[in-house]
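What follows is a pair of complexes built around subunit A, which joins subunit B in one and subunit C in the other.
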Partner chain A sequence: MKSERDTGALTRRELLKRTAGAVALVTLAGGAGWFFHNRRLAPPPRDAATIASFAVPDTRGMVAVARGTQPAALVAAALAELGGIKRFIKPGDRVLIKPNCAFDRPPHLGATTSPDVLAEVVRQCTAAGAEVRVTDNPINNAEGCFAKTGLRAATERAGGSVWLPAPGMFGAARVGTLKIPTWDVMLAPLLWATKLIGVPAAKTHNLCHVSLAMKNWYGFLGHGRARMHQAIHEVIADLATFITPTLVIMDGTRLLLRNGPTGGSVADVAPGNVVAAGTDQVALDALACTWLNVRPDDVEFIHLAAQLKLGSPDWHALPHFKEVTV
Partner chain B sequence: MKRLRIYYQVFFLALFGVLMWLCAQGRLRGYPVTWFLDSSSLNALGALVASWNVAHWMWIGFGMLALTAVLGRVFCGWVCPLGTLLHLVSWLAEPRSAKERIARNRWLSAQNVKFLLVLALLTAAAFGVLQAGLFDPIALLTRSTAVVLAPLLGEAQHLITRTAPERAFQGAALIASVFCAVLALNVWRPRFWCRYVCPLGALLGAATRWVLGAITRDPQRCTNCGLCESVCPAASSPSTTIKTHECFVCWNCVARCPEDALEWRWIFNRHKMSFANDTKCRMSPPATRPDLSRRSLLGALAAGVAIAAGLRLAGTTKRRGFSLRIRPPGALPEADFLERCLKCGLCMKVCPTNVLQPALTEAGVEGFMTPVMNMQYGYCELNCTLCGQVCPTGAIQRITIAQKAGHPDGRPIKTGTAFFDRGRCLPWAMQRNCLVCQEVCPVSPKAIYTVDEEVLLKDGTRAVLRRPHVDPARCIGCGLCQRECPLEDKPAIRVSAVGETRAGSSFYL
Partner chain C sequence: MRLARLGLWLLPAGIAAVVMWRGARVDPAFVAPPGEAAAPSGLAFPEAIGAWRTTTPHEWFPRERIYEKIDGRDVLFFQYGVQSLQFATWEGGSSWDMYLYTMGAPAGARGAWLAEKPATAQLDDTGTAWFAPGAAAAYHGHYYLSLSAAQPDASIMDATNLLALLCAQLPVAAIATHDPAALLPRDGMRENSLEFIPREAFGFDTLDNIHAAGYSVGGHDAVWFVAVASDHTAAAGLVARYAEEFTRFGGSQAVNHADGFSGVMFDAWEMIAHTNEIVFGVREADSYDTLTQHWERVLQHIQRALRDEK
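After this line comes the complex of A and B, so read on.
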């Protein structure tokens, strides 16, 4: 053996071992090639997630309006008229709050949700034993928006935390039935949450008359949302199909009456001294139209949402409609 | 002392990193993020001779020049963060053999090139063409950090945690290539950049002419073993006549010398110092100025004039300008801007929307790497003036948000004007409603207004469309409309620089 190896000649055993190795290698490489060949010639379609309803059972068709000058007291009064926050939020709930934080503007310009209103909503939820996160995908730079609108400070003061949009949070979801069956949305917070509260600011909007509860969900949309404006009413109805919230708190403490949705001048803003809370986003939108001197009948997306049975624009006729002055 | 020097280097490199990290929206709270740029004498002197102004903290650079005149190039050996990085790479790439190291550390006449470079750059600056920042080590490192290293870290963080915001820069590959080359050349010669290229090092080296203290050699103790040469990163010939204008005062040679023949000492009386045969003073006097011929100096001066004249051959600074040369709000008129801008990229680092980009061709050859707004990357945030807050030289002025919005005269600062491309805009070209631009327009009243028009659709029916128009008297050129236009690759509304406030005149009467 030894002498043979020294001369460099191949032993039978060595020959068999090497042959077996070569065959194994070829089989493995060929098998791998066979296995992967044309396996994903076109990438498989991405799954679109479905976002379940966040509504609490037996709370349909509720709206309560509170009038007065103290934003926090208005929120508290409106929620009390609905039976208190504990009816909607249970200890251990993960509550996602979606204010309107779309623009990099100071709060008094009325383009974004009032920090006082948001703080009270957050405080009520944390007091009910829930973990609260606040998110929005603004038009302007997200960090700047949350800082300059005062919404970050309000959230943190009240015991919640801000969740800024980042690339990894987005994914496809099933949205609506009219124009956008699926879209890229801010998925991670929606999948995280067990309860969802919208806190829109009541504003006029040059394209779709008003920007209220249903339009507020636009802030969940991701890439390519600038296309929405080509059929804005259908898209807003789709957004209302997409999101069934636990609650909506409509901030009418200041009303952006002109130059919406961005505003930019104090001359565009009027004091509203009103907050409405409820579970019917269509009713709340119709109600808030009247604050902005817009006839709900003129707003196409309210009609569309009513046709889709997402709510009732006749807020007066709701089984549970309350008004209170603080 | 050598150990102390290393502590200093680590401290200043870390400080540079921290200041760059702080230079971002939400973290910048009056921290002196410009101090490293200010401490560069080249930036200070270049901006001074170009604009006859010493802005904000730039006087620190003159302090550094004075310090160098006393202690030698301690900035290069102890402070400069780029020098520290290169020192580290050089150390990692060091060959084992002392003989080889000595060969690599031999002084070469090519080291004189940097003195000619700084002379040419300062001459060009004196004619108002400030290109010093392209070669200044601090500006180079700041630019590389802003455009390459910070986005690289962000991208790596994004890959792992999927949370970092996206940041991107045009020409990043170019800046990365230069930076990698500056790092890689250390494998061939330790601190290649510092020895052969660095114009800041050369300027400081020129100041050592009046130096009061330096590392000196005692020729009677010296056995010519050459170990000092094997550790000298500056190639300053410590074993013969020490070239103080090259020496980084890094203490390597002093620490390495087995005979204690090298020591740092005051040399007030160096003109009286003589060679070993003088028993009164045993020290060999160091050389304190580079040996440059009059011909090469005159050549460098001529090159400086040629740079100044040559970069303006196209005539674009003074003439009709570039449509895409959209400067940030607060930027000075173009000629004044170019006399101050160091191309350091700090404004690009701090810009929260990523709209500020290093100019490739947008501002001509002279404006290469200066900041321009590119709305494919971002837009100018209405309530933000961060770029001006961090500009070390005042090329972008420190304006307030109120000034930007038009106080006290009611005229906001315009960076350009938006124009519709009616061949692409949906309500004009495709008979469809859109108006995203109008919705996002941040000024009040909006600079984009609509007119309802009845149009004939392709099936013959009539419909009313809202068609957008720009009011040039209101448009500030922020580019948010362009950024949000659904026609992403080439938006149907685009900003061009015309009508910018800093030009002092407008196309619109």
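After this line comes the complex of A and C, so read on.
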């Protein structure tokens, strides 16, 4: 009779040795994968700052829409419908304003916030006794963007100052719950401010249909944000978790209807003659979708933000929704 | 046997060691932002041309990074075979941004130029440049040059002057023997109807790089189209494939002619033929009579164009 060894069958000792070898290999491979996975992509959560809400108490669920042809008058009228800027900004406040200054395009091409709209927001805040700084971390050269878009001149004309991004301003912050729990963000301005106002330009976007209030916070992100375009809807919802603004002033004075977010041709732009102000960024995004001929239902990040209870896409049902023609 | 076993253990251990070693020494070029990783290139322009000066260094974007400058609009340029984009701002009497696109072929440059032309734009005498409020553009060989003003009311004279000066800086490109768009006559062409269709024109898989425009003859409209194949055989093959596709997808009353073919699909008459390497056709005619009237005109024009060339 032949033994197991003689027949070539596996002995118990051999089986144990091979199993141990396989387990060691899998552990090594898994360990190496774990060690290198997402290495340095996001800072460790324990070092990340938390950005507090900038919302003013008892101002939830407010949206006011103003229609007309004079941008400054539209901003003033929309704010008046919300109770005036003094309801949100107090003397001594440090107000950070985040327009869309992402590209070095002249203002008439609609890729960035209207200088007239921004100037009026700055003017209203300074008139309320606040110190105002305007910032963005553009895709193109920041200084060139603020110059060519007319946003630097508009800010300074209205009594504010421009805060250009610099390496020392960035740091890790807790962002959201879906895709980016932490990220390198433009921390210094956010820690400086007591109030935050977003002034996005209403425009189309080739990846996520629209670029509006929630997408506008992309401009606070630091290095490597292009990677996030792979999960853009979740990232935008994360950004809406990250930032709870004091106010959003949605600039629809001219609308980039095609080839967004940069556009590049006057043929892509149409007059919108509308500005909306409010505290519910989900509602404002849903509303502004309709200006751009996009159905809010088709925009995934609006659904995600609503599921996270960051606001309501049903702007008509808000406790404070008003429309006015100037 | 023992050596083979040892090798089996050493191989994965070696791979793991290499992975760990490489992981600890990341290539900076791999993780650096794209703008820093790639050296700028593009055409060399002087700092000053006439009364115009560049105020910032030229930026250059290869096809894979072009989204950094024209995110959202890049899709349009991909259709026309964009290779790279060079950007600069020129200051003179006014301020203009220059977008110089290098396309894969002259047809792509013309296609992008046509696609960006606003309906209200005015053409210059050469038919290769257009001007609109705050914008101007020209094509030159396989370059498409677009100017965008800082102010929408910037002077058209400034645009004309700068566009001409910049075009003169572009290398003289080899122009195709037959300029397809020139084979479509300007006389009788419906305003703003000229278009370049890079792929699958009119829904036909076989029709690529087509120039088409609308015409009216005797009060009846139709579309004329033209393409230039590499040679007579390729042109004949294109017409044959068109006929095959036409029949396969429901075309009827198909008739073969000398070097051509006609038929009706969805109540619209169409005809296609070729002369040497030039493929031309008429489509969307509302009747056979309309088709033949248009066909006579397009045939006369093509024959005249070829005769003039000789």
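Just so it is clear, the second predicted complex is superposed on the first by the 280 of 326 C-alpha atoms of A that agree within 3 Å, B and C clash if a C-alpha of one lies under 4 Å from a C-alpha of the other, contacts with A are read in each partner's own complex, and residues count from 1 in each chain.
Quick note on the criterion: contacts are C-beta pairs under 8 Å (C-beta built on N, C-alpha and C of every residue); 3 or more make two chains touch, one makes a residue touch a chain.
Just so it is clear, the model here is predicted, and its values are computed rather than measured.
Q: Return first, second, both or neither, reflecting whether A:Gly144 touches subunit B, subunit C, both chains, or no partner chain.
A: Touch status of A:Gly144: both partners.
Q: Looking at A:Ala32, would you say it contacts subunit B, subunit C, both, or neither? Reply first, second, both or neither.
A: Only subunit C is touched by A:Ala32; subunit B is not.
Q: Is A:Pro271 touching anything from subunit B or subunit C once the two structures are fitted on A? First, second, both or neither.
A: neither
Q: On the A-aligned overlay, A:Asn259 touches which partner chain: subunit B = first, subunit C = second, or both, or neither?
A: In the superposition, A:Asn259 touches subunit B and subunit C alike.
Q: Look at A:Pro181 in the shared chain and tell me whether it touches subunit B only, subunit C only, both, or neither; answer first, second, both or neither.
A: Touch status of A:Pro181: no partner.
Q: Counting only touches as set out at the top, which of subunit B and subunit C does A:His108 meet: first, second, both, neither?
A: So A:His108 only meets subunit C here.
Q: Examine A:Thr204 and indicate which partner it touches, taking first as subunit B and second as subunit C; both and neither are also allowed.
A: Touch status of A:Thr204: second partner only.
Q: Have a look at where A:Gly21 lands relative to subunit B and subunit C in the superposition and call it first, second, both or neither.
A: Touch status of A:Gly21: second partner only.
Q: Figure out whether A:Gln230 sits in contact with subunit B (first) or subunit C (second), or with both, or with neither.
A: In the superposition, A:Gln230 touches subunit B alone.
Q: Per the definitions at the top, what is the overlap between the subunit A residues touching subunit B and those touching subunit C?
A: In subunit A, positions 103-106, 139-141, 144, 148, 205-206, 224, 259, 261-265, 267 sit in both the subunit B and subunit C interfaces.
Q: Any idea which subunit B residues touch subunit A in the complex?
A: Per the touch definition, subunit B meets subunit A at residues 25-26, 158, 161-166, 352-353, 381-384, 426, 432-436, 438-446, 450, 466, 480, 484-486.
Q: For subunit A, which residues count as touching subunit B in their complex?
A: 103-106, 139-141, 143-144, 147-148, 166-169, 205-207, 224, 226-227, 229-232, 259, 261-265, 267-268
Q: Which positions of subunit A touch subunit C when the two form their complex?
A: Against subunit C, the touching part of subunit A is residues 21, 25, 28-29, 32, 35-36, 39, 103-106, 108-109, 139-141, 144, 148, 204-206, 223-224, 259-267.
Q: List the residues on subunit C that touch subunit A in their complex, please.
A: 9, 12, 16, 19-20, 23, 33, 56, 68-73, 75-76, 89, 97, 99, 116, 118-119, 132-135, 148-152
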